[in-house]
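Take a look at the structure set out below.
Chain IDs A, B, C and D follow the sequence of writing; residue 1 opens each chain.
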Amino acid sequence: MPDHDIHVHYVTRVEGHGDIVCKTNNGVVEKAEFNVVEAPRFFEAACVGRAHYEIKDIVTRICGICACGHALASLRASEAAMSIEPSEQTVDLRKIVLHGETIQSHFLHTYFLAAPDFLGVGSVIPLASSHKDVVVRALKLKKLGNDISETIVGRHVHPITLKINGFSKLPDPAALKAIQKRVIEALPDIEATVDLFSTIKVPELYRETEYISLGPTNGDKEYPFYDGDIISSLGQSYRPSNYQQVCNEEVDPKHTAKLCKHKAPSYQVGALARFNNNYNLLRPEAKKIAEKLNLKAPNHNPYNITMAQVVEAVHVAYDLIDLIDKVLTKGIKEENNKYQPKAGTGAGAVEVPRGILFHSYKYDSNGICQWADCVIPTTQNVRNINEDMKTLVPTIIGKSQEEVSLLLQMLLRAYDPCISCSTHLINVRFE
Amino acid sequence: MSKPRIAFFDFSCCEGCQLQVLNCEDELLDLLALVDIVQFREAMTEADWNFDIAFVEGSITREQDEPRLKKIREAAKLVIAIGACSGMAGINAIRNAMPVDKAKEIVYGNKKDAFESTFARPIDTVIKVDGYIPGCPIDRKDFLRTVQALLVGKKPPDHDYPVCQECRLRENECLLTVGIPCMGPITRGGCDAIEPTFGSPCIGCRGLVSEANIESCKQMLEKHGLTIEDISKYMTIFNSFQKEEKHA
Amino acid sequence: MQSLNLYEPMIATIKSVKELTPTEKMFEVELPDGKRLGHGPGQFVEMTVFGVGEAPISICSSPTDGNNFHLTIRKVGDVTGVVHTMKPGDKLGIRGPFGYGFPVDQLKGHDIIIVAGGIGLAPLRSVINYIFHNRSDFGQFTIIHGAKTPSDMLFKDELEGWRKNPNVVYLETVDRPTPEWKGNGGVITTLFKKVGKINPDNTYALVCGPPVMYKYVILECGVLGIPDSHILASLERRMKCGLGKCGHCQINGLYCCQHGPVFTYTQIKHLEEAL
Amino acid sequence: MEQRVMEKKDVKSFIAELIKLYPAVYGPVAKGKSVVFDRLKDAGEAKFSYTRSILPPKKYLMPQQECIMKFDMPPNPKAESVVEFEDQVIVGVHPCDIRAIKLLDMIMNGGNPDDNYNKRRGHTVIIGIDCVPDQYCYCSSVMDLRCTDGFDIFLTDLGDQVLVDVLTEKGKEVISKIETKPASSTHLKKQDELLEAKKKLFTAKFTGPAQLLPLELEGQWEAPVWEDMGKKCLSCGQCVLVCPTCYCFDVTDELALSMKKGDRVRKWDGCQLAGFAYVGSGENFREEPGARVRHRYHRKFKYHVDSHSMTFCTGCGRCWVHCPVEINLVEISNRIFKREAECKA
């Protein structure tokens, strides 16, 4: 049996810098781990001393891919801290924005980051000539997500109009209507995406773990992205303000960074966690797709995160159509977004494409930030990724070095990690 | 003539600028007809060190970044800094205002010594840079214009005029006239005044114009009800890095 | 035929390229069907490098030089940089000729002193060649030429001819002489001592050079007694249309592209922004 | 000029008629708390009681950005000039902006006529409307309040009725679409009274006659006002971009992404921007902001007056409203009238 000595420096097609190291000796796994080699960025330090109206613009820069999610988690935290209740219109529009981001991010991940592995190429670029129709479709769907953001928040990367207690500019109803029409027109493309992914067989891996996501508050019927309590598949729920009891970011003596842990030794967040925890709340259209993709809740194969993203994309597309209908029927009204800054501490929890995201701030009575904390999905997933790798390697140890390396990279990519955004994940080395 | 080969690299940043490149959905296929993208970690596994133009995103924050950046410089004919982080240290430089140790402590508590980090710096403190695409994030059109300019042999556009110019041409209602302080008058244009167009003040992500009248601008903002302290903070969301700063 | 729309360039062809200095090249340009540009000495064209932009460039040849015309271009930016990479057969766009050049008919019968600094020799070459080709129409002919260093000198082989030509008094200097340089050293104004006696009322001075040069040279012309109306200066400004519209080239109330580029000192003497 | 009256309630159907008849009808519409000229999709959108639009209606004669030539890239370049225009009506133009268009007509027709402007102008019907000044308006200091030319028809609100001055053939044709009656002397008298009343509304005023400014400016090239303003000026260019009589432009080549063809585009530019007078050899002929403010002022009150005998500021107040540091030509003019330069010397 060949022994493996794998070191993938800067895994590609993920956001940020991470390495994979795997070493076996006489068929025994010595090491199988994911190391983060990102440079620290100190966002929480940058927030201290800044005014309430500057915070969102600073923290969206944590991550370009889930900039809207960061903005929303941040606004929710600031609003909680200052006891601000945004209007229903604000909440609905924010949900549309978040859906836009989910569409853009899920299609970016499924097509551009994950699919090349299944099609045996290094990137989407060679597909531009070999599978032009697929690439054109992928670009079209991704663009739809982007255009949703552009219509409501100005641009997807570092959204503009999102503000505490409202919007700096409300979208033009006609533009919103046009977006809705495009979502409807995109349904066949989404269908084709489902068809494409239904032909793909994800690698085998079975490991039961804890799944954490938002869950419905008081019998809410909505598959939660923007609102809700924090729930664990092992049974327990928390208000967002108690997020620290969920992620328990602690300094593990063995490691050099803050890592998260709830009940089980590690937990997973993201599309599959949401799917497993909230399957019943999926729209029927999405449930049908799950069936077609052979995905049943709970599912314990992390490679299926990609499949869960496809299911979610369908859910979100249909939901968008309804949400836009709701907003347009009620009519978009100018609102008074003024608020008085005040002292307080608050947390916001939002489901961004890669999983649950927490922001929390403490403000003084002038609305100057005294303390900030951001816990990013990938930070929460790191332990789980490592546990998965440890479980995976013995099952594939007989394969060639290239195959093992690829399967490990695919596993990491399935989590769609956002490493540069993981504010607390610096130089994580599992020794 | 063979197609120019371009590559993307990143240091400390949010990768939003590279994402902006991927967000050129309508143009991406045409772009691929003009250039070969040979390295782009965020989007591709293939990695070739034979390229003409390197687009570099992100700030330099660690000693270990320097040799990697120098290697890029050696390989490339042209190095273009993309984004505020790379061109002027941007948001990363906020923390330069406090001792690195303090920043580490705020975020990592007593584990602070486990991380290597120094000042956040723009890449031109380490290597020579041939052009800049400013912004946080970069503007997609600006990116495409820059690629075209380089292909026809021009310098990248420098947009050395204030954001107000484009804001006025778009016929936005000036935010100052409705009482919202805005950095537009001293901030470099080229973004089509996107923030004011969406009702939000310019926060200076493209850096200062070369002849920024900061004194007068401060007085003006004070008239709009900001304190000097507010103003200096406002002006440092992206513009903290001072060229004189030596790295620690 | 020049199109009716004044913004539409003719497509012209580069016939030959000659490297004059490391930063300056001379281009011979042919219009469609070998048509003449129809310019007068001192006028300029708007030259397009397609996809890069337009730049105003003086015509450095005399209409008496033949059907084609010459442009001497210093590489300073985009348009001028890219044109430097072009070869014979490559295409340019040409609009023009534009501007008010040297009034050669008015100059006839007079003594002429040319004062050229650096690239200023390029536009003046058009009138120099014109005078050589119509030598008998003019009186005494003096060329005062200054460059930064010997290698910065333009038209080196032509200078060789002027040095030997009995029909012209050719005076030259370099700001920074090199060991091989046998001629004068120092700024251009130092040559005025060598001009000798002139008949100021019958003399025209034609001046072109870097912006800093004009003030001093015009002073020297004054010392020689040349009346203000006989001092002709060709000025440079930013230009975007060549038609007196875009506003960039304005010198107080005058437009460099329309009222100039050649001005009499009387015209610009009282203009605060001219020199 | 023919003077007629229409019922005020008919104004809306008049606009509706125009929208039916013309490919493009532009008028003032609300944008936030401001007003901009925009295409009228229906008659109700127009907001006729406004003070000033952000950009002047000149944008329909000389757009912020327009393609003036299309070209193919080498090896076989082709160049073809582009002039785009359609029949258009601009309604609700104030007297200051009408005067500005008159000045632009003079510039664009003079010397080398500008095809693009002139063609568009020739296909434009201008319907003026009288207005009420605010504290930034000072047209009364620089022009006649009575608007007598430069429009096709001009509307004055007389209360229940609207007085219609019909100046041109185009105007006659346009107004024939709606029922009007000849104006009576009562109507005309009312118009005179309104103008008389309007005169009293101005708070911003020149302390001397604007026509004398070219003379007053003599010897004031180094007046302290320029440096004072230069210290304040942010060189943001807004004052010149919003000005209805400014027409400076920049020209750039913009390639299609294929890089096989492109557009030559002209865009509004402005002399208050730092790089406006910069040349390739490295010289900036107006390096100091104060020199740029002085240049702009001279363009409004001297150079063009010398050559065209017309003041090139219409007192619309746009530059004042938009200047973040409130630099305004009333203050500068009044300091020029004071001859501070001599006091200093």
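The rule is short, and it goes like this: a residue touches a chain if its C-beta (ideal position, glycine included) is under 8 Å from a C-beta of that chain, and two chains touch if they have at least 3 such contacts.
If you're wondering where the values come from, they're calculated on a predicted model, not measured in any experiment.
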Most central chain, judged by mean C-alpha position against the global CA mean
B
Centre to centre, using CA atoms, which chain is the farthest one from subunit A?
C
Chain centres from averaged Cα atoms put subunit C and subunit D apart, in whole Å, by 39
Separation of mean Cα positions, subunit C and subunit B [Å, integer]:
43
Measuring centre to centre with CA averages, how many angstrom lie between subunit A and subunit D?
52
Measure off the straight-line distance from the CA centroid of subunit B to the CA centroid of subunit D, and report it in whole Å.
37
Return the residues of subunit C touching two or more other chains; collapse runs of consecutive numbers into ranges.
51-52, 77
Contacts with two or more other chains occur in subunit A at residues none
Counting only residues that touch at least 2 other chains, which ones in subunit D make the list?
255, 259
So the complete set of touching chain pairs is A-B, B-C, B-D, C-D
Sites on subunit C touched by subunit D in the complex
3-9, 11, 48, 50-55, 74, 76-77, 80, 90-91, 93, 210-211, 236-238, 240-241, 243-248, 250-253, 258, 272-273
Considering the complex alone, what residue numbers of subunit D touch subunit B?
31-34, 36, 54-55, 64-65, 231-238, 241-242, 255, 257-259, 267-268, 270, 273-275, 289, 321-322, 324-325
If you look only at subunit B, which of its residues touch subunit D in the complex?
27, 30-31, 33-34, 144, 148, 151-152, 160-162, 164-165, 168-169, 171-174, 176-178, 184-186, 209-211, 213, 215-217, 219-220
Footprint of subunit B on subunit A - complex, ascending:
10, 12-16, 38-46, 48-51, 54, 57-58, 61-65, 67, 108, 112-113, 116, 122-125, 128, 135-136, 139-140, 142-143, 146, 153-158, 160-161, 163, 167-169, 251, 256-258, 420-421, 423-424, 426-427
What residues of subunit D sit close enough to touch subunit C in their complex?
68-69, 71-81, 83, 107-108, 111-112, 114-116, 221, 247-253, 255, 259, 262, 264, 266, 269, 271, 276-281, 283, 285-286, 291, 295, 298-299, 302-303, 306-307
